[in-house]
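These are the structures in question, set out in turn.
Here chain A shows up in two complexes: once beside chain B, once beside chain C.
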Partner chain A sequence: MSVVAISLSGPMQSWGSGSKFVRRSTEMAPTKSGIVGLIAAAKGLRRTDPLEELLGLRLGVRIDQPGQLMRDFQTAQRPRKERDGTVTWRSMPLSYRYYISDAAFVAALEGERALVEGIDEALRSPAFPLYLGRRSCPPAGPLALGVFDDDVMSVLAQLPWMAGERHQRRHVTQDVRLGVLRDAHAGEPGAETIHDEPVSFDPNRRLYGWRSVAREHVVVTNPHGREGAVEHDPMSVLGGG
Partner chain B sequence: MSRTIIDIHVLQTVPPSNVNRDDTGSPKTAVYGGVRRARVSSQAWKRATRVHFQDKLDPSELGVRTRRIVELLAKEITRQAPELAERANELAVATFKVVGIVVKPPKKGEVEESGYLVFLSRRQIESLASAAVEAAGADDVGKALKEADVKALADRDHSIAISLFGRMVADQADLNVDAAAQVAHAISVHPVETEFDYYTAVDDTNPEEDTGAGMIGTVEFNSSTLYRYATVDANRLADNLGDVEATSRAVRTFVESFIRSMPTGKQNTFANRTLPEAVIVMVRDTQPINLVGAFENPIRESEVEGRIKRASEALRDEAQEIERAYSETPVSSWVVRVGEDTASLDDLGGSVALADLVASVGAIVGARLGSSS
Partner chain C sequence: MFLTRMPINAARRGARRLMASPQAFHAAVLAGFAGDGSGRDGRVLWRLDSHEQRRVVLYVFSPDKPDFTHIVEQAGWPTTEAWDTKSYEPLLDSLEVGKRFQFRLTANPVRSGRRDGWKETKPLGHVTARQQEAWLLDRAERLGFQVVPSSVGAGDGVAEPDVAVVDRSVRRFDRKGAQVTLAMATFQGQLEVSDVEALRHTLTHGVGRAKAYGCGLLTLARPPGTSSS
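Our next item is the complex of A and B:
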């Protein structure tokens, strides 16, 4: 199996999985539907095109820098002509949009070599402009990190830490643990289920299935860590492991 | 297929102002690189850009975003066929029914409206009206409209604004248009704290013995040097507009209006009209590249070097570093800049005046799209 890795970082991202009407929420990590949508856009698929070949991909998302939840508020107005001919403005429903600010993620997708190479190529020369979950969130810098002959977890363990320098300097140890959300194996215990398996992006009948996600972590090197430094661990005095 | 993508990077200082505020009246902010930044939302700047267009383009190329679509179409029907004035409203409702846009029953003394804002181009309104006029003579108006395929009429000849910013029709998703322009939220290159201006207002006719203010309050504001980024996908724009000349004109208009416009929030309170200190436009043939990473480490001014000088250097370094690491060299690039502090940006492209930049971008888009089609 081969893996294509994608860098997802920028000032703002937004990965909704259950948004309705005026409240547009975000998950705290990129969703599979968001990433598959991004790849489909890179490959030039229209919203009504079948997604079959992308649906079998196994996804792992590494949380390099978790970021913060941010709420944005948006107004819209419409003009209205009064009887005397003057124009007044009426408010449309207010809408609240949620974003993750200041976050960095690495996504790894596992599949057949040819498919994965095609995705990497498409990300380097996308057919449609790409964005991190919402059109107003373009990524900072290029997205493609290359193709690897390995599995999802090994690739996520070997790629360098992509958090901002300031964030890295706040960790003193040479090794850091980064959380990973990955597709669970069949029947894996402890997996969470979320409504995030894209089936069709057709705007007239968008369809998502359920998806099982397992939480794991990988250990990567902190370029700003100091030898022998230990993370403050107040629980250590209690003994045990 | 050769790709043509136009990246626009802007550094712009705004004095104390509250260009874009949240539901509590505070200027919008975002955290980036671990510190709080001033933010102006993409929605706010897109609208400012669109409003700036109005004077630049012929009305036939502009779109209207309104719920009052029935009145709009009825007016055009009456203009084309004054004898149908009495039936114009009813014809307009029938037309939108066939197009698939639901209009709500009218309130007393009013006209039907759609339940949401619909973006229609001038030419779409004209062709829908002439189809309605044609169909007016038929026995079954609805059937005649269906035969005239009015739905297709609403799905071509998009205005420049629709082609750039997209269109969403809630109950007819196949009439949607994907936007060819992408605008990022503008964020400050440095940390900001929101400040509070306490004010008192004097009642001019207050008798002398009656002391005290007529009104008190606070206005929140901040001042910032913003990094603004937008990108236009010229190939997608050409798909939407269907014409190389119109695409070139749309790109020229967007570039100029994005650079010159300013959202109007609290404009009268702060008179914060400024123009950018620096603009870099890069034409690329693979992917758009946002250089916001240059400012992840917040810029801090010193006694010897101001914000703009350091921000310009950071932007130049980021552009060159990405070019080196990813072999992403722009096809062409130009710089419009003010003052000595922005001199480092000359490393990214030839320094020109805005008018020349706009003309050059338009010419290169026309040449590249013209040769590939």
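Our next item is the complex of A and C:
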């Protein structure tokens, strides 16, 4: 199996999984439907095109920099021309839109070699503009990180830490633990389910299934860590008593 | 004599209330003891370590065994993580001259000074990291230890002592209508035991002022690079 790695970082991201009506929420990590949609856009697929080959990909998302939740209370208005020629402004529904600001993630997708290489190529020259969950959230740099002959977890463990320098300097230790959300294996204990398995993006018949997610972590090196900086643990010298 | 470690859930409102006021925290810590907590061989000392934004740990030294159920209920994880108390005697008995430890200390470094219009001198806080380091190095010998020379940057023959101010802040809060201002500094580094009796006294009675406000608890840990026993 091969893995394609994607860097997802930008000033704003928004990855909804269950939004209804005027409250447009975001998960705190990229969703599978969002990432599959991004790849479909890069490949130039239309919303009604079948997604079959992308649905079998196994996803793992590494949280390099968690970012902060941001709420936008949106008061959009639209103009309406009256019969006498005057223009009146009508309010659109007041809505709450949620974003993650200043976050960085790395996504790894595992699948057949040819498919994975095609995704990498498409991300380098996308057919449609790419964005991080919402149209107003452009990525802050190239997305494609390359293709690896390995499994999801080991790729996420070997890629360098993509957090911003300021964020990295806040950690003094040389090793940092980064959380990973990955597709759970069948029957894995402790997995959570979220409503985030894309089936079809057809605007007339959007369909999502349930997806099992397991939480893990990987250890990566911190380029700004200080040598010998370890967490102070006074219990270590006290023994069993 | 016991050392207690307790993780604090900084996301809870009770934890915020305690962390906002060293006075409230002191009251909560002391409420964990049936008596007033002090004894012939030491007094209650406590410290809050925040390693990351969301990881806050309370350390308490006490002559008696504490019961912190009330803090767990307000500011901890009642169903999963409570507190962990260990006897301090093995460490106190194992102190020998020349033994090395990593140390951490949150203290209130002050000097006595007089400003215009003051009749008497008053303790004034040291505010720069350099002054605060000098404050600690100045009294290390009396406290029973020496700060080990640092291994990095020793190229020109003069090794700096291995101590750093890893965190510092000025806390202000009200106490009985008057404002209390504390300059707090957290030191971390490596020390070598030079006087066993003095260090025992330091570990059990604390360092410097403001011991009721989370200052003065010196804790020792295995130095980096040594394997766990």
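In the analysis below, the second predicted complex is superposed on the first by the 218 of 241 C-alpha atoms of A that agree within 3 Å, B and C clash if a C-alpha of one lies under 4 Å from a C-alpha of the other, contacts with A are read in each partner's own complex, and residues count from 1 in each chain.
Here is the rule we go by: a residue touches a chain if its C-beta (ideal position, glycine included) is under 8 Å from a C-beta of that chain, and two chains touch if they have at least 3 such contacts.
Quick caveat, the model's predicted, so the values are computed rather than measured.
S.K.: In the superposed arrangement, which partner chain does A:165 touch: chain B (first), chain C (second), both, or neither?
M.R.: It touches chain B, and chain C stays clear.
S.K.: With both complexes overlaid on chain A, does A:193 touch chain B (first), chain C (second), both or neither?
M.R.: Once the two structures are laid over each other on A, A:193 reaches no partner at all.
S.K.: Once chain A of both complexes is superposed, is A:73 in touch with chain B (first), chain C (second), both, or neither?
M.R.: first
S.K.: With both structures fitted on chain A, tell me whether chain B or chain C touches more of chain A's residues.
M.R.: B
S.K.: With both complexes superposed on chain A, which partner does A:136 reach: first (chain B), second (chain C), both or neither?
M.R.: In the superposition, A:136 contacts chain B only.
S.K.: With both complexes superposed on chain A, which partner does A:233 reach: first (chain B), second (chain C), both or neither?
M.R.: The second partner, chain C, only.
S.K.: Using the superposition on chain A as set up above, list the residues of chain A that contact both chain B and chain C.
M.R.: none
S.K.: Please give the residue numbers of chain A that touch chain B in the complex, ascending.
M.R.: 9-12, 67-68, 70, 72-74, 76, 78-79, 81, 92, 94, 99, 101-102, 123-126, 128-131, 135-142, 164-167, 202-204
S.K.: Taking the complex as given, what residues does chain B use to touch chain A?
M.R.: For this pair, the touching residues of chain B are 3, 5, 22-23, 28, 30-34, 37, 41-43, 66-68, 117, 173-174, 176, 178-179, 182-185, 187, 229, 231, 233, 236, 286-293, 296-297, 322, 326, 328.
S.K.: Write out the stretch or stretches of chain A touching chain C in their complex.
M.R.: Answer in residue numbers: 171-172, 227-239, 241.
S.K.: In their complex, what parts of chain C are in touch with chain A?
M.R.: Touching chain A: residues 3, 5, 49, 51-52, 59, 84, 86-91, 94, 101-104, 152, 166, 188, 219-222, 224-225, 228-229 of chain C.
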